[in-house]
Amino acid sequence: MSLIGSEVLPFTASAFKAGEDFFEVTEENLKGQWSIVCFYPADFSFVCPTELEDLQKQYATLKDLGVEVFSVSTDTHFVHKAWHEHSTAVGSIEYTMIGDPSQTISRNFDVLNEASGLADRGTFLIDPDGVIQTVEINADGIGRDASTLINKVKAAQYVRQNPGEVCPAKWEEGSETLKPSLDIVGKI
Amino acid sequence: MSLIGSEVLPFTASAFKAGEDFFEVTEENLKGQWSIVCFYPADFSFVCPTELEDLQKQYATLKDLGVEVFSVSTDTHFVHKAWHEHSTAVGSIEYTMIGDPSQTISRNFDVLNEASGLADRGTFLIDPDGVIQTVEINADGIGRDASTLINKVKAAQYVRQNPGEVCPAKWEEGSETLKPSLDIVGKI
Amino acid sequence: MSLIGSEVLPFTASAFKAGEDFFEVTEENLKGQWSIVCFYPADFSFVCPTELEDLQKQYATLKDLGVEVFSVSTDTHFVHKAWHEHSTAVGSIEYTMIGDPSQTISRNFDVLNEASGLADRGTFLIDPDGVIQTVEINADGIGRDASTLINKVKAAQYVRQNPGEVCPAKWEEGSETLKPSLDIVGKI
Amino acid sequence: MSLIGSEVLPFTASAFKAGEDFFEVTEENLKGQWSIVCFYPADFSFVCPTELEDLQKQYATLKDLGVEVFSVSTDTHFVHKAWHEHSTAVGSIEYTMIGDPSQTISRNFDVLNEASGLADRGTFLIDPDGVIQTVEINADGIGRDASTLINKVKAAQYVRQNPGEVCPAKWEEGSETLKPSLDIVGKI
Amino acid sequence: MSLIGSEVLPFTASAFKAGEDFFEVTEENLKGQWSIVCFYPADFSFVCPTELEDLQKQYATLKDLGVEVFSVSTDTHFVHKAWHEHSTAVGSIEYTMIGDPSQTISRNFDVLNEASGLADRGTFLIDPDGVIQTVEINADGIGRDASTLINKVKAAQYVRQNPGEVCPAKWEEGSETLKPSLDIVGKI
Amino acid sequence: MSLIGSEVLPFTASAFKAGEDFFEVTEENLKGQWSIVCFYPADFSFVCPTELEDLQKQYATLKDLGVEVFSVSTDTHFVHKAWHEHSTAVGSIEYTMIGDPSQTISRNFDVLNEASGLADRGTFLIDPDGVIQTVEINADGIGRDASTLINKVKAAQYVRQNPGEVCPAKWEEGSETLKPSLDIVGKI
Amino acid sequence: MSLIGSEVLPFTASAFKAGEDFFEVTEENLKGQWSIVCFYPADFSFVCPTELEDLQKQYATLKDLGVEVFSVSTDTHFVHKAWHEHSTAVGSIEYTMIGDPSQTISRNFDVLNEASGLADRGTFLIDPDGVIQTVEINADGIGRDASTLINKVKAAQYVRQNPGEVCPAKWEEGSETLKPSLDIVGKI
Amino acid sequence: MSLIGSEVLPFTASAFKAGEDFFEVTEENLKGQWSIVCFYPADFSFVCPTELEDLQKQYATLKDLGVEVFSVSTDTHFVHKAWHEHSTAVGSIEYTMIGDPSQTISRNFDVLNEASGLADRGTFLIDPDGVIQTVEINADGIGRDASTLINKVKAAQYVRQNPGEVCPAKWEEGSETLKPSLDIVGKI
Amino acid sequence: MSLIGSEVLPFTASAFKAGEDFFEVTEENLKGQWSIVCFYPADFSFVCPTELEDLQKQYATLKDLGVEVFSVSTDTHFVHKAWHEHSTAVGSIEYTMIGDPSQTISRNFDVLNEASGLADRGTFLIDPDGVIQTVEINADGIGRDASTLINKVKAAQYVRQNPGEVCPAKWEEGSETLKPSLDIVGKI
Amino acid sequence: MSLIGSEVLPFTASAFKAGEDFFEVTEENLKGQWSIVCFYPADFSFVCPTELEDLQKQYATLKDLGVEVFSVSTDTHFVHKAWHEHSTAVGSIEYTMIGDPSQTISRNFDVLNEASGLADRGTFLIDPDGVIQTVEINADGIGRDASTLINKVKAAQYVRQNPGEVCPAKWEEGSETLKPSLDIVGKI
C-alpha cells in the first residue's frame, strides 16, 4: 500500500534556514498549510544541488500558492549550514533544510536506503491536514523537474476546494473538471 | 524503503490489446525493453479514461524511444475489452491493458488499497533489466500528465548509456550532464 | 462445516440498480425479507449474462414470494453499470448488482477463488433473519437454472411457517409434508 | 474458498450395497467414472428416506450417463443394512450406502455439523479425475430434487468433452452452447 | 489417572425409551440416584444386543436397588428406536438408550475409539453425586456379564452408607465388612 | 480413549515371589503368555489383603489356563516381602508381587492417583502379545471378585483362537458363540 | 543454590507414632521448635533400621534441647506401623514416622531419586522459623552417625541466641566463639 | 534431586598450594583418588580460617587414606596466596586452595548464593570415579568438624571395596557391616 | 550504545575505608558530588596496586575539586581490608574500596569479563546527578595514568557550570572554550 | 562486557583522504598495523574540529610508532571532503576520514546514539590483529587530549613485544615494568 492518503508520522529534527538560527521542526510544521517535502541523498554530492536550486526557483510561486517547502537529507543541520555557505547553487535557497541524521523522517516516508543510510530522491505533496497527496521518486542520477509540481499543487487544491469534482489528466488551472455521476460512467 | 532500484516481482495475468485476442502477460514482458506501467483505480470511472487517453497520445513518442506501455487495474481483461469498445477516449488506446483481479501486480508495486480493492494512481518507469527507475503516485482526483514522462525516460536512458554521468535537475536531451568527481564536490 | 445455518457476515459495498443512482449495501439489506445472493465470476464474460438474465426471468415470481435478489461479482459498480448499458441480456436486469472489488463478500460466502481473484458460481438462499438456508455452486462452464430456486424458496418458507413439519424430496407447494414423530421413524 | 475444482481427499470406510456383503470403500472408488456423493443427516429420520428414494428413481438414468451414486451418513454400515431391510423407501435402493461413523468423509466434504455429529444435506458431482464439479446443500427440513442432477451431469459432461465451449443458463442436452471468444465479450 | 473418583462431565444428548417420545438427557440425569452407564460400539451389530438384553434382565433388580440404567452408542436416537422395534433382544429393553453421534459422552468417559468413531465396551457405576465408582471395559468380541454388577452396586452402596467400613474381596450383602483401624494394620 | 487394544508400555521393576530371591521384572515378562496385572493401593492396608488372597485362590485355575499373575503397588519389594511374612492372608500368595515405588507401571496403566501417590484398584487382562484385553477398576473400599476373571479369560482366549467368532454376553465355556455376518445384522 | 537458609515448603502427609493413631502432619509441625527431618530410602531395607535406631538413642537428648524428630520415607504410614511392629530396632522408635508415598516432601527437600522413587539419606536441621540450618546427605550404603547432630544443634542454637557471634570449627558447648569485627580480619 | 551419586561437572580454575607456583586445576584433578572438596564463603573472614585449619589437622590422616583435599571460595588464587602468607591459621595449610572468581565450581556443586556471590559452607566427598558420595552443608556461623570426615571416608571406601555389604549407622572401621539379602529383610 | 550520558544503575555492596568499620554502599553514594569509579581485576595482583596508588596520589586534588573516589573489584571487602593492611602501595589508600563479589556493579558498568569473573580496567567519571561523563578502559597489562583525570574533571565541571560552552581538545583550566553558535559552524 | 579484547567487526565504507580520490575502507584496513579509530559526532560542529586537529598534530609521531589513524562520523565522505576544504583546522588533516552514514561502524564499536543518529566521542586503539586494546569515550562538550594516546600506544606495544611483563600505572617508555610471579603477590 502506498503512502498516498495517509497522514505524516511524528518526528523531531533540527533544521537550518538562511538568516535564522538553528531551530526544531516536527511533523506539526508540515500541517496548517500545503507542504512540499523534498528528499535527496547527500549534501555536497552531484545531482542534489541542481535539484534544490531548481526547487528554489519555484519557491516564490509555491509560496503564492500557500505552499511551504522543506528539503531533507540524512546529513546534519550543521552540514546544511556549511553547504549553504559554500555552494553557489545551494546558497540561494530560502526554504527550510531539515537534518535527519537519526533517519526517522526518511523511514517515515519510506525512502531510506538501509544499505547506504541515504534517502531516495522522493518528493511529497502534503495537504493542510498532513495527508500525503502525491509522491514522486527517481532513481539516483535522474534529476527532478520542480516546475511539474505547480500543476499538481493547483489540481490538489482545486479538488480540496471543490468536493465532488475531479481533475482529468493534463488538467491546468481554469480548464474544465469532471463531476462524477452515474450518467458519465462509460461516457468518457 | 521505496521500490526504486528493485527488480519487478513475478506475476501472471490476462491482458487485452486492440486488434489481438486475449493473451497472457508476465513480469518477463516488462523486461528486454524500457517499460511504463500505469496503474489506475477502475475502468468506467472518471479521471481514469482521460489519463489513459493522455498516455496514448504519448505512445508513438514513447515507442520511438523504445518504451513499451502497460496499463493495469484490478478489473478483468473482459472489462478492459468492453471499455475499449464503448468509450471514445479508451477506444483510441493501442498499448496493452492488463487485468489484475487477483490483485497480485498491484500488491507487487505497493499500490493496492486494501480497503477498496482498487489500485492507487501510480506510474512506474522500468529499465530493460526490469529495475524500477521512477515512481509517481497521485491521490484520487488528481490526474497525471503523461508528457512529463518523456524527459524522465530520456534522462534515465542517458544515465544508463553513459555510466559515470548524472542528469541534473530540469535536464533535457542535449543539455549538459554532470560527471561526478572529487573535484566538483561542493563546487556546484 | 458448511455455511448452512450460519448468519451472513458483515460487509459494506457499492451497488448499481437500473434507474437508481449508485448506493451503499450492507449485510443488513439481506435481512428483513428472504434474499437470494447470486455470485458469478466476471462481468462481460460468457456464461454469466445468460445466468443473470435467467434469474431476471424469475424475478417477478420471486418478488411475489417476498424474495429480494442480489447479484455479486468482484467487478466494481462502475462496470456493472456499463455492462447493464451495453449488454442486451444484462440490460433487462431489475435487481441489485453489487460490486465486490475488495473481495469481502466473496470471502464471507466462501466462494472466492484466491488464484484468479474471481467468485465461484454460488447461489445462496437467505431467510429474513439473515441465516443461510441453501447453497448451490457450479464449476466454471456449467450454467445454473434459476427456476429450481422457486421450489426451494417455497419449501424453505413452508418449513419456517410450519415449525414441526418437513418437506420431503421433490416436494412442491400443496403436496404433503411430513410431521416428524416417534411413530414414523423407520416407517417411511 | 469453495471445494469446487478441488480433488476429493482420502478416506477409508465400510459400506453396504443390496445383495452384497459389507465392503471397504475409499476415495479411489469415486474416481474413474462420474460420481454423485449424497450426504444426509441420519438413517431412520424423516426427510432422508424420501430423498434417498428419489435419488434411486434417477439411478438407472444416472447409470446410463456413466454416473455412480454413493450415499453417506455418519451412521454405521450395520445401520444402513438394517434401514434397508426395514424401510420400504430405503429398501428399493440399489446404490452404495457408505457408513461414516468416524466422520472423516463428512469433514473432507466440509458438511459435518460439529455440534450434532451429523452431516448437512449436501450433494456433490465429481468428475472421473475425482474433481468436484457441483455442490448443493440444503438446510434441515428442505428436501432435494434429484431430477435436477440429470441436467447438471449432462452439462458437466458436455463441457469436459468439448473443451472451449460452455453451457449457458438453463442449458439442456442438444441446445446450443457458447464458444468463449474475444468477439462475444459484451455481446450477450 | 483413571476416572474413578471423578465427577461425570457435562453433555446434552437425545435419547429413546420404550413407550416415550424422544427426549433430551444431560449429565444431571445421571445424578440424584445411582446410575449405570453402559457403552457399546454399534446398534445392529453382533455382541451388543446380547449384552443389552442381559443388562435388561438385571434391570428390575437394579431398579429395586435404586439404580437407573443408560446405554450409550454413537448411533442416533432414531437408530435406537428402529433397533428396538426390529430386534427381539433389544425390543425387550425398558431403560434409556442415549444417542451420542457427536461423540461427546464417549469422549467424556474416555472410551471413544478415534479411528472407528465407535465406543469401547465400557460399563460405569456412578453414585448419586455423579462420581464414578467402578469401571469395566472389555475388548471387542468379549461380552460382559451384567449379573456381576449387582454385587458391585451393593458394595458401593454399603460403603457410601457406612462411612468408615470397607467391603473386602468377594463381599456379598450380609457378609462381614472391615473397619479400618490402626489395630488391624498387618493383621489380615 | 481407553487402554483396551493398546500394548503395555516398557518398565523395569524389582519383584518378590515366595521362595525366590528378589528379581527384576520388565514388560517383557507380561508377554508370551496370558497375564493378569492387579493393582492395589497399599501393603498393610485394609481391603487389599483380602483381594490378593482371593486372587491367590484362583491362581491354580488361572495357571491351568496359561495365565500368569502379577500384583502391583507403589510399595517396594522389601515391603512386599515383609507383608508376605507377617500377614496370614498375604502369606499364602504364590504369584509375583511387583514393587513400583517409581510409579512408572501405575502411570503406564493410567491408575496412579497423583495426589496420594497410590494406585487405583485396577485389574488388567493382557494377551500373549502384550495387548490389554479387559480393564476393571473399583473405587477405594469396594473389593473385587477374582472369580469373575475366569470367564473373561476363557472368552478372550476363545476369541483369540477362533478369529471370526465373538462371545455374547454371559458367555461361558462350551456355550454358543456368534459368527458375525451380514445375515444376522438386526436378527438378534 | 543449596536449601540452606530457605524455609521449608508446604506439604500434607499421614504419619505414625508409637502409641497414637495415624495422624496428619504438615510443614507447620516442623516450626515452633527445632526439628530434625531424617530421610531414608525404604522401610524393611538394610542400613535404614540401624540409622533410625541410632537416631532414637539421641532422641531424649534432642528432646532436652527442644528438638523434635521426624523420619520420612516414600513408604506409607501403614508400612511404618508394620515395620515398627515387626522390627526390634525400629520397634524402639518414639519419634514421628512420616509416610511420603506422593513424594512431595522428598521433592521439597531435594532428595528424591526420580529413577528409583526413593529418598536419598538426607538429614536436615530446621530452626523454629522453619528455616533449614544444616544438611547432610550420604550415598546408599554409608550410614549416618546421629551423635554428630548434637553439636550442630548446640552451635545453631548458640548462634541464634547470640546474634553477632559465630561458632568456629570443632566448636563445643562452652568453648569460645568468635565476634566478627574489622579488627580480626586476617588475624586468625 | 541431590547431587549424591552424580559425577562432578567440568571446570577450569587457578589454584595455590604452599611451595608451588600458581597452577591450573580441572575436574580431572578430583578423579583418580578420593577427594574432599570444601567450600567456604570468603578468605579473610571469620569462621573460615578455623575450619580450614581444622581440615589441615586431618590432612595427614586423609592422605594416608588416599584422599586429596581441595578448598574452594570465590576469591582469586592471588588472595589465597596472600591469606596463606598473612594468617597463622591458614599459613599451616598444605592442601590445594582453588580460586573460583567465575563462580563455576560453586554453581556446579549447587552451593553458590546468588545474592552475595559467595559459596555456602559445603563439604563433598568424591570417589575415584568423580562421583559424589557425601554432602554436608552448614548455615553461616555454624562451623564444621573435619574429624567426622574420617569415618565417612572409611565407610565409603569399605563399601566401594566390598560390593554387596553396607555400613550401618555409627559404623567404625573394623566393626561389622551388613550383607543385604532377602533373609534379613525385616529382621533388623 | 555506550554508557555515556546514562545514569548509574542501582546496587548494594559492602566497602572498606581506612580507619572506618565496614559499611554499605549504594548507587546513591555516587551522586550528590562528582565521583570517579575505578574498576580493576583483582586484589593482590600485579598492575592493580600501582594503579590504585597512582589514583591515591591524585586523591587530595580530586577532593579539592569536589570529587569522591571509589575503587571496585570482584573481591570481598574482607580482602580489601587485608590487602590494605599488607601492601605498602595499597596501604596508602584513603578512598573507599568497594567489594563486588556478586558482580552486580561490574555488570552495571559493562566491564565484567564473564569467563574470568573479573572486572576490566575501566575508569568512569560521574556527575552529581549520577550520569556517566567519561569512560576509559585498558586491556590487561596496560596501566592507567590517573593524572589525566584531573583535566577531564575540570572540563566536565566547566561544561556543567557553563551551559552553552564546550571545551575544545587539549583544553586546560583557564584556556578558552567555544560557544556553539550558527556563526562558528565551519569557521574552526 | 566491554569491547576490550574483542576483534573489530566487519564493515564497508567510503572514505576521504587529502590528495587522494574517494576510496573504500573495510575492517581489514584496521589490521596489519596498529590503528587508532577516533569517532566524533558531526562535521562542521564545535568541539570536533579541535579534536581532529589535535590528533593530526600527533599523526607524525603515531606514524613513527607504526600507528595508522582513522576518524569516523556518520556524515558522508562528500561532507568530509567539503569540511576539509573549508575548515582551517580540518584542512590540515592528513589521515583517513571515514564516512559512516549507514551507521554500521558506529554500531560495531558501540558508540551510536540511537536518538540523535550521531556517534559518541570514542577513541579506540587496535593492535595489528584487529583486537581492541584501549577505549576512551567522553560526553559531548568534553574534548579529548590526543597526546595521552602516545603513552598508551607505547605501553600496548611493549606488552605485545614482551609477553610476561606488564606496565604499571603511569608507565613511560624506558621505565620499569613488572614481571608477574608468585613472589610479588602482595609485595607491591
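The first chain written gets the first letter, and so on, giving A, B, C, D, E, F, G, H, I and J; residue counts start at 1 in each chain.
The rule is short, and it goes like this: a residue touches a chain if its C-beta (ideal position, glycine included) is under 8 Å from a C-beta of that chain, and two chains touch if they have at least 3 such contacts.
For reference, the UniProt names are A, B, C, D, E, F, G, H, I, J = Alkyl hydroperoxide reductase C.
What you are looking at is a predicted structure, and each value in this text was computed from that prediction instead of being measured.
Undergrad: Would the interface of chain I with chain J count as same or different, where same needs over half of all numbers used to appear in both copies?
TA: Same: when the shared numbers are divided by all numbers used, the fraction is over half.
Undergrad: Which chain's centre, taken as the mean of its Cα atoms, is farthest from the centre of chain A?
TA: F
Undergrad: So the centre of each chain is just the mean of its C-alpha atoms; given that, what is the distance between chain G and chain I in Å?
TA: Centre-to-centre distance between chain G and chain I: 50 Å.
Undergrad: Please work out the Cα centroid separation of chain A and chain J, and write it as a whole number of Å.
TA: Computed value for the inter-centroid distance: 40 Å.
Undergrad: Roughly how far is chain C from chain D, centre to centre by C-alpha average, rounded to an integer in Å?
TA: So the centroids are 22 Å from each other.
Undergrad: Mind pulling the chain G residues that touch 2 or more other chains?
TA: Residue numbers touching two or more other chains: 44-45, 78, 81-83, 85-86, 114, 185-186.
Undergrad: Taking the complex as given, what residues does chain F use to touch chain G?
TA: For this pair, the touching residues of chain F are 42-45, 74-76, 78-79, 81-83, 85-86, 100-103, 114-118.
Undergrad: Can you check the complex and tell me which residues of chain E touch chain F?
TA: The touching residues are 1-2, 4-5, 44-47, 49-51, 53-55, 83, 86-89, 110-114, 120-122, 132-148, 151-152, 155-156, 159, 165-171, 178, 180, 184-188.
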